[in-house]
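Structure, as structure tokens:
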Amino acid sequence: MTRKISFSSDYTKGAHPEILQRLQETNYEQIDGYGTDDYCKSAADKIRAACDCKDADVFFLVGGTQTNQTIIDMLLEPYEGVVAAQTGHVAAHEAGAIEFSGHKVLTLPSIPEKSASSDAIYSDEIGKIRAEDLKKLLKDFYEDDNHEHMVFPGAVYISHPTEYGTLYTKSELGELSAICKEYEIPLFLDGARLGYGLMSRRTDVTLQDIAKLVDVFYIGGTKVGALFGEAVVFPGKVPTKHPVPIIKQHGALLAKGWLLGLMFDTLFTDDLYMDISRNAIDKAEKLREGLTEKGYQLYIDSPTNQQFILLEDDRLKELSEHVRYGFWEKPDENHTVIRLATDWATTDEDIEELMTYL
Amino acid sequence: MTRKISFSSDYTKGAHPEILQRLQETNYEQIDGYGTDDYCKSAADKIRAACDCKDADVFFLVGGTQTNQTIIDMLLEPYEGVVAAQTGHVAAHEAGAIEFSGHKVLTLPSIPEKSASSDAIYSDEIGKIRAEDLKKLLKDFYEDDNHEHMVFPGAVYISHPTEYGTLYTKSELGELSAICKEYEIPLFLDGARLGYGLMSRRTDVTLQDIAKLVDVFYIGGTKVGALFGEAVVFPGKVPTKHPVPIIKQHGALLAKGWLLGLMFDTLFTDDLYMDISRNAIDKAEKLREGLTEKGYQLYIDSPTNQQFILLEDDRLKELSEHVRYGFWEKPDENHTVIRLATDWATTDEDIEELMTYL
Amino acid sequence: MTRKISFSSDYTKGAHPEILQRLQETNYEQIDGYGTDDYCKSAADKIRAACDCKDADVFFLVGGTQTNQTIIDMLLEPYEGVVAAQTGHVAAHEAGAIEFSGHKVLTLPSIPEKSASSDAIYSDEIGKIRAEDLKKLLKDFYEDDNHEHMVFPGAVYISHPTEYGTLYTKSELGELSAICKEYEIPLFLDGARLGYGLMSRRTDVTLQDIAKLVDVFYIGGTKVGALFGEAVVFPGKVPTKHPVPIIKQHGALLAKGWLLGLMFDTLFTDDLYMDISRNAIDKAEKLREGLTEKGYQLYIDSPTNQQFILLEDDRLKELSEHVRYGFWEKPDENHTVIRLATDWATTDEDIEELMTYL
Amino acid sequence: MTRKISFSSDYTKGAHPEILQRLQETNYEQIDGYGTDDYCKSAADKIRAACDCKDADVFFLVGGTQTNQTIIDMLLEPYEGVVAAQTGHVAAHEAGAIEFSGHKVLTLPSIPEKSASSDAIYSDEIGKIRAEDLKKLLKDFYEDDNHEHMVFPGAVYISHPTEYGTLYTKSELGELSAICKEYEIPLFLDGARLGYGLMSRRTDVTLQDIAKLVDVFYIGGTKVGALFGEAVVFPGKVPTKHPVPIIKQHGALLAKGWLLGLMFDTLFTDDLYMDISRNAIDKAEKLREGLTEKGYQLYIDSPTNQQFILLEDDRLKELSEHVRYGFWEKPDENHTVIRLATDWATTDEDIEELMTYL
């Protein structure tokens, strides 16, 4: 089989070389297990500094679904569910991991009308929840006489970037945050691709803003330069006296927890996390320009590392001889929407090679 | 703080250098996610060959508690529990991960009378379940008129080596296997330290024996040369049509699943797994000889990489200035039992340094 | 407080007098517990005869949510969810009982466009799922490459009558049944108000039809003449070797199970269940005629015992001085939709009294 | 089949005639559902008065396992288990209902050495947990460095009378209560047979004592004069903001909740509950005297309504031609232990008839 260049996702490569280097260097150190080590402490300190949030509780988990499940289970009372976009990862693509923990996902609409006036098929509102929809859900719930027979909305989950690569504005995050505060429920931000959101050229949201506006979020490592790992940040405090047994009973406590500490320590030294995130954005913008020039129909005008285009199936067939891509959806018999994702390691040469096939 | 040599556990170091080497080499390959890649396929093939079990289902998970929880949940009907030693990891040290999945752990006694006649305080039966106890539990259950109001024993969990470093004989495994077959319940062997059991100088149990006698087991990587990872083997077949969503809903599906495949592919090339396991045994035997010579009281005469000794607390205090160890238990006011664990990377120099402090 | 006549629901009264009579007569008999008694056997036999389904498994539970939760948990694999109307009781009004058991509710739309051409605001399609929507959900699921990361649709839940009092036609049930058979998933019919559906003047569905077309259903007692209780019928067979411990672990195994047997034995003697169900329908039709005559705006033209009307709030305030009703929803600032429910014990005098206030 | 007198259990009959009478009288009242009615309020008030505990939270559930499961789930954090006697109902005979809710049962020994010096085989300590064992479990847990990897003891469950008919003394309850307070975990008393404990001739524990010493308990109705039902009392306050959805999601919210209110209102009017409980004790004492006179070997010298004797199997075979009894256990090939239970409705004639067969 000929090697094909892949833009299928942002988790197809290993780790930033500095991380591999440090694994090598520390390989025979003897380090305490379960995240109690000094690398985890150092990484947490650097993350607290980057978030400008010195009292934050920080801990490290292995993957996204695991993190979503564990955090949401920490946030909720047994009779509560989590509010999410119908397209949110926890609602759609985690095989029922939230329900496995006993909680309902209460969904809000997140696919807007097709945009007639724009170059893209959908506006960049796709994948996001709207403050007014959240407000209505909460208001309606508490006004319903019968609400003790219903699932209480106990937390709000958003992803940033969303599953569609779109971003909340600072003002939108502020609105969601205010509603959550009014109803005294925590706001949880899934940052599996957080770096690619923060480094977008079309965002006004900083890491410090997020730490101010949400109650818990995570900084994705799996998709942004680490072998694996997600750094969970509770800017206030973790809402349970004993997070360790909760993590453990979700099967999420890594024996060699220092691996996570070491990787995040590396990523949060000398702005490495931001620098490599910016690379993905630069390459994505280059790709988008190329696509636009060549007259491709954008699915959305994505501000982050995931680009989506609509293709005729014949055209796609040719492309697939040279390129691996992410299948997204099939809007009709003869067309397909595909995803092309850049990442921390994508090079200019990769984009140029891709453009030759497009 | 002065560096101290550590024998506290077998998961204090990174990975065998060949594994780091391959991570380096493959870092920029673009590999499919979720364990669907060729490294996982190759690793599974090599494991099937090593087990002499060509139809086995093999898959890879991240850590021990996660694996125990996921496998047991696959094996059991909702109304069933898992039988285990009272000292079994699933019974004692997983923060209720089995109950979190809705299942009871039905315990059998596993701490024998103290042995009067031996050099060690306990016989090497400690940590194991006995065929006769298992048989009695199953017989009593089905004879009880009221058993539909009780938790059905739906699977049997054993660890090999046990949490105390002890080993089942081939004949004992055969007996447990026969009882499980008679009652039509699966036998599950937790091999978090399997290499150290197989390479013991005092065992008649081979990997092929295990694949013949149990219904599912795993080959531990976290404690035996991998950064992390456990290879689950169903010699017959996995007892569910859809293992992937079950793994996913336990938060146990690693995005970059190929990391696991790559590590186990390395460990099962040219007998590396067995070779590095043998190293831990050689070092443990050397340690045990030294301990015996110096007149230390063994807690058990352990045939694997974990050695346990009883010390006066004053003596322990001195030792702890130079050596990190695993606290095990405090049998009285003035004595402590500690664990000294060797591993795949322990050197003769390590043992010699340790002996100077003992 | 003046006594007010109540049409707020169909579970405001005790039990049919014959049931109280038999409780009296059998009070000092000494009967075996947990549903193993002869009254349960006799009731099951009579139900099998009424269903024309001699091999059916029949058992008795206490209430609706409990029954839905227990049955659905019996039907599903851990990685499966249940498909239901967005307005279905299991989706909307059971406080997350399905998710508590670890399963997602996968919803289909069930509120049609407002009907312009009819006397009623909504057509009597409201509350039902449509065969084509179910088919699409199942087809889309299996065509999605990524479906192993999603919740498998493992059973279909419908209510008949629905929460809106509407009914499936025999042909509609047949279509849903055929799709379920094609995809090899069970069809579950919640019959909490089954009698009121079967005795509707506008149905072509019989009890025997239901037993032929669905895989499991229950015959509601709580709302139809019993103090409490639901009779679960598996026309084929119960999909677990051990239903008793599953029922027990859901807290649903009544010690004095014979009470349920006795009540259903009474209801299924001499067609009592059907006769008293017919009474509710007769009274509802009388009520509907009165409402129509007086020019009330029907919310739907309900064929069963629940009637829904739209009222101005001023008018409602007057009414509420004499009548208790069920609040349904508030479509705008000045109007309210209310429910008026008849039951097995409603009299002509009750309707006449109500009409004087309307 | 000839009618046989039954002493097999205390839940073989219907309800006290005053309860049937009130069901009759109130049958056509139209009462609000889900326990929001005036009968529930009145019953709760009377129970609060009887407990001398005016601020208690009181609510009503249907059966014992359901109550144990729901209450324990309310008391515990997700990472906590409940401590109970190995013979406790929640540990042994609820089909894993506690584990179904995600919690481990942490067991303490409760079968003492056989008593050599007494008339009975076991002392009346059987079935109880001992303060020193509880203290040791809690102390050991918190002293274990590794306890965050273990299940936290989060509540203590006792039954009074126990499953063996034995009783705690006031002093013993006080000790357990003091330990629970010291460790800040709630003490939960299962009173499925509470009346028979309170009316024992050999107890110094009153209902008011219980309300002072435990954090939550229930007053059993199913076995003491009601058709079904258990009254849950939190002398302090219920440990959740929203008990209703928790009850609902356990399938435990009875639609016609007033039935429970009505039954407990009757039982707590004019001391009916105590009077009928005393009847069971009087009959049990009469039975015990007869047994002793006839030289039967008592299993324990039970102070409550359950009497246990050891019989030769030949003798038992004769007895079983006339009497139904509860099988308890088979200590050897030729003997059986049986239970003979009196109840609120047992008559002198019943005992006299039984004695003719013994």
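For clarity, chains are labelled A, B, C and D in written order, and residue numbers in each chain start from 1.
Everything that follows uses one rule, which is that a contact is a pair of C-beta atoms (placed from the backbone, for glycine too) under 8 Å apart; a residue touches a chain by one contact, two chains touch by 3 or more.
All values derive from a computational prediction rather than experimental measurement.
Comparing the centres of all chains, each the average of its CA atoms, the largest separation from subunit D belongs to A.
Between the chain pairs C-D and B-D, more C-beta pairs are in contact across C-D.
Centroid to centroid, with C-alpha atoms defining each point, subunit C and subunit D lie 35 Å apart. Mean C-alpha positions place subunit A and subunit D at a centre distance of 51 Å. Look at where the CA atoms of subunit B average out and do the same for subunit D: the two points lie 42 Å apart. Within subunit B, contacts with two or more other chains are made by residues 78-79, 94-96, 99-100, 102, 148-151, 244-246, 248-249, 253.
Residues 73, 77-79, 102, 148-152, 240-242, 244-246, 248-249, 253 of subunit C are the ones touching subunit B in the complex. Looking at the complex, you find that subunit B touches subunit A at residues 5-6, 8-9, 11-15, 17, 20, 23-24, 26-33, 62-67, 69-70, 94-97, 99-100, 222-223, 227-228, 244-246, 248-256, 259, 324, 345. Within the complex formed with subunit C, the residues of subunit A that make contact are 78-79, 81, 92-96, 99-100, 102-105, 145-146, 148-151, 327.
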